[in-house]
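Two complexes, one shared chain (chain A), two partners (chain B, chain C).
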Partner chain A sequence: MKYWMAFCGIVTRELRRFWHQKARLVSALVRPLLWLVVFAAGFRAALGIAIIPPYSTYITYDVYIVPGLAGIILLFNGMQSSLSMVYDREMGSMKVLLTSPLPRPFLLVSKLVAGALISLLQVYAFFALAWFFDIQMSLLGYLFAAPMLFVTAIMVGALGLLLSSFIRQLENFAGVMNFVVFPMFFLSSALYPLWKLKESNTILYYIAQYNPFTHGVELIRFALYEQVNVMAFVITLLTAVVFCGAAIYGYDPKRGMHNRKAGR
Partner chain B sequence: MSLALQVTSLSYAYQKHKVLKDVSLQLEKGKFYGLLGPNGAGKSTLFSLLSQLLSANDGDISVNGYDIKSAPRKALASMGIVFQQSTLDTDLTVRQNLQYHASLHGLSSKVAEQNIARELVRFSLEQKQHEKIRNLNGGHRRRVEIARALLHDPAILLLDEASVGLDMPTRDSINEHIRYLCKERRITVLSSTHLVDEIQTDDHLILLHNGKILLDAPCASALLTHQFNDVKTLYRQLIAGDAQ
Partner chain C sequence: MKKRLLALSLLISNGVLADTAYVTNEKDDTISVINTETLKVTDTIDVGMRPRGIIFSQDFRYLYICASNSDAVQVMDVNTHQIIHNLPSGEDPEQFALHPNNRHLYIANEDDAVVTVVDTEKRDVIAQIDVGVEPEGMAASPDGKWVINTSETTNMLHWIDASTQTLVDNTLVDQRPRHVEFTDDGKSLWASSEIGGTVSVIDVATRQISHTIRFKIPGVHRDKIQPVGVKLTADGKYAFVALGPANHVAVVDANTFEVLDYLLVGRRVWQLAFADNQTRLLTTNGVSGDVSVIDVDKLKVIKTLKVGRYPWGVAVKP
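On to the complex of A and B.
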């Protein structure tokens, strides 16, 4: 019961914070909408998309990038959550969480789940807006995508949590954007299919193949068409577990990086 | 003797820099302890170790009979902590901050609401309960933090320089209130400060300097033993003696 109370408390707190920061929702939606409306319009003519799974027919470029843009919302929100954890630690409110008489892994996972739920809200708000631009999936596709979006959100959120355990100051977070978020996003199948990448650069193609975010995007793409990409699911889930484990280790006062920072 | 907190041979180092050296303390239940020491004495490190934000290199800590190595969660549940730096969520209201803390301690909704109502009255915060923290002044914020720390009925209250940055009347009012709580609720209070004037002669004084305990005695008897009239002189002489 007390675990449930704590979990509800953490989720409620994150939802309240999100509600108080309405600009966060707007900025989370503006970014993918710009890609969808401006970028996709420009590239629609340049990029022809062949018939590749899960698509059964030729599709336009804007249809192709919608799962990738859902992925970018998850990625940026995951990083924003970890940014807020660095901020919480600098401001001290992280101590409230870490001095709760509940197991630290439970508290950190609860925070991850809360962040993932907020990411899902943003993604579905984006899907609703994309609907008006004639990018429409089946209702079942949207429902089917929810658990896959959740797993992907947990994966990128756990990566953010892991990074936050290493980052000493908020200022260092700009480096995360340049060295983690952008490479992860551009070296994935979010904006272009990997066979297109292979045509121009084989090395980048293989890097993209090993990028867990690629598998997260593919998981979402297949789910929106009511299919399960088993390999993508397994890789995304395993990566989420590894990142989670490493983040919990990072926040352990006996072992992790946190020990060097907490008292200062 | 019933102990609220027992610290035995505690040491801690940040890499090679030793911050706490073989510190031992015994805090009885229902008493007020003033932990006095200059900046950098090791007070915040001691609090971080007690609250398990750091893990000790050597030594043992027992809170309300619970060893923090074998029963860390029971030990944490016995403590209310007010950190030096404000840890309130400024985007949330007073009530929402209290609700969040209650949930982190696993209090049921019913118990949480009862305790929140009790603390809001105790700290005269009923009128402020729906205001966002960012709209409150420093004194009210501190009151909220102390109210929050008491929400789960801890056996020991740790105050890490809780009055820092506050004006004199607010400081006095908060300190009086804490002493009143100590008597009224029979909880043990360990209050760290670098301000000598916050220590009263009926307090139990613990003097920490360079990571070592220089004095651990009732303030009145320490003044008598060392033959000084006031805490300020006692403090200066002991610190100067240790520095030599």
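On to the complex of A and C.
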């Protein structure tokens, strides 16, 4: 019962914080909308999209990038939410929580789940806006996508949590953006199909293939068309588990990387 | 008896009795056979060289195929998928129309600037009518009075009186008219102009253009918008226009002539045919070598399936 109360407390706190940060929702939606409305319009004619699964006919570029833009919402929000731990663990609520008798892994996973739920809210708000730009999936597709979005959100959130265990100052967030978020996003199938990348650079193609974010995006893409990409699901789930495990290890005061790095 | 009828109606309503589409593959010298329920190619049949226009006899027993480079119209037995004989077609037959008498086939001979009229029973040429340069599109009016031919270079529709097999009038349309289609009531005629980028709607009684439809697709250069195939729904609601290298099919309100939507299909969409009681529309996409399937009620492209190289014409058997 105390676990449930603590879990609800963490989730409610994150939701409240999100609710009070209206600008955060707006900026989370503006970014993918800019991609969808401006970037996709510019590239609509330039990029020919062949018929690749899960699509059964030709699609326009804006239709193609919607799952990738859902992915970028998860990625940015996951990173932001997890990296806020850098601040939270020093002077925020997590400082208190991490010293509570509840197991630390439970607290960290609760924090991840809370961040993932907020990501999902943002993604569905984006889907609702995309609907008005004639990017419309079936109702079942939107439902199918929810668990896949959640798994992907946990994966990127766990990566953020792992990174936050290394970071001592919030100012280092810019480094994370440049060295983790952007390469992950651009070296994935979010903006262009991998066969297109293969045509111009084989090395980049293989890097993109081994990028777990690619599999998260493909998982979402297939789910939106009521299909399951089993390989993408397995890879995303396994990566999420590995990142979670590493983050929990990183936050362990006895063995953690943060501890060793700090020389405590 | 009632139970049997019920079972039959259920079969029909469930779409088990699917239509069969036949698609000519210009570069493969074959015909792809498609089950419109499963949307899969079920057979590929070898035919004459460069098959293009394709049409069924009214009882769907025979399939006429314009084998352009074989200089023949081939007749296929639909049950056996065997070519049973060739008809004397004149040189380079490209498109044709079957008169409502189910006997006279009007064939456009592109290289000779003539329309050849063939009696499909006697397998004889009964007339050759001089028309404009590069004749292409053909259509017979539902009442059998008129046969229309388009000539690509002369930019005209030629009105052939089917009772006398003579050319009686011409209507000037925009550049390179490719295809003509009568409305079900026979009162209007829709003609696409490939280079002109328009579709002209002609009043059959006066043989004058009553409306001209223009197309504009955001992000697509207007030179690429080249209307070719046209199909009109029997309920008079929609007209579908294949826009060639623009890779889109335009949906037109057949009453207001307003373009309602553009549907993305494969590359160089050419000819169209309805299937499954006009709930689906098939498009041949020449350059991408596939056929797209449009849900007519939802106005959405639901699938695109590979056929042979350069699919050109399509005909559907219920």
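Here is the rule we use: the second predicted complex is superposed on the first by the 255 of 264 C-alpha atoms of A that agree within 3 Å, B and C clash if a C-alpha of one lies under 4 Å from a C-alpha of the other, contacts with A are read in each partner's own complex, and residues count from 1 in each chain.
The rule is simple: contacts are C-beta pairs under 8 Å (C-beta built on N, C-alpha and C of every residue); 3 or more make two chains touch, one makes a residue touch a chain.
In this text, all values refer to a predicted model and were calculated from it rather than measured experimentally.
Superimposing the complexes on chain A yields a three-chain arrangement in which chain B and chain C fit side by side. Looking at the shared chain after the overlay, A:Ile59 reaches chain C, while chain B stays out of its contact range. In the superposed pair of complexes, A:Leu98 makes contact with chain B only, with no contact to chain C.
Judged by the touch definition given at the top, the superposed model places A:Lys22 against neither chain B nor chain C.
By the touch criterion stated above, A:Thr12 is placed in contact with chain B alone, chain C being left untouched. Once the two complexes are overlaid on the shared chain, A:Lys2 sits against chain B while remaining clear of chain C. Comparing chain B with chain C, the partner in contact with more residues of chain A is B. Minimum Cα-Cα distance between chain B and chain C in the superposed model: 47 Å.
Touching chain A in their complex are the following residues of chain C: 219-220, 247, 264-266, 290, 292-293, 301-304.
Residues 14-15, 19, 44-45, 48-49, 51-55, 73-77, 79, 81, 83, 85-89, 91-92, 96, 99-109 of chain B are the ones touching chain A in the complex. Contacts from chain A toward chain C in the complex involve residues 41, 44-45, 51, 56-60. Note for the complex: chain A touches chain B at residues 1-3, 5-6, 8-10, 12-13, 16-17, 20-21, 91-93, 95-103, 107, 253-254, 258-260, 262-264.
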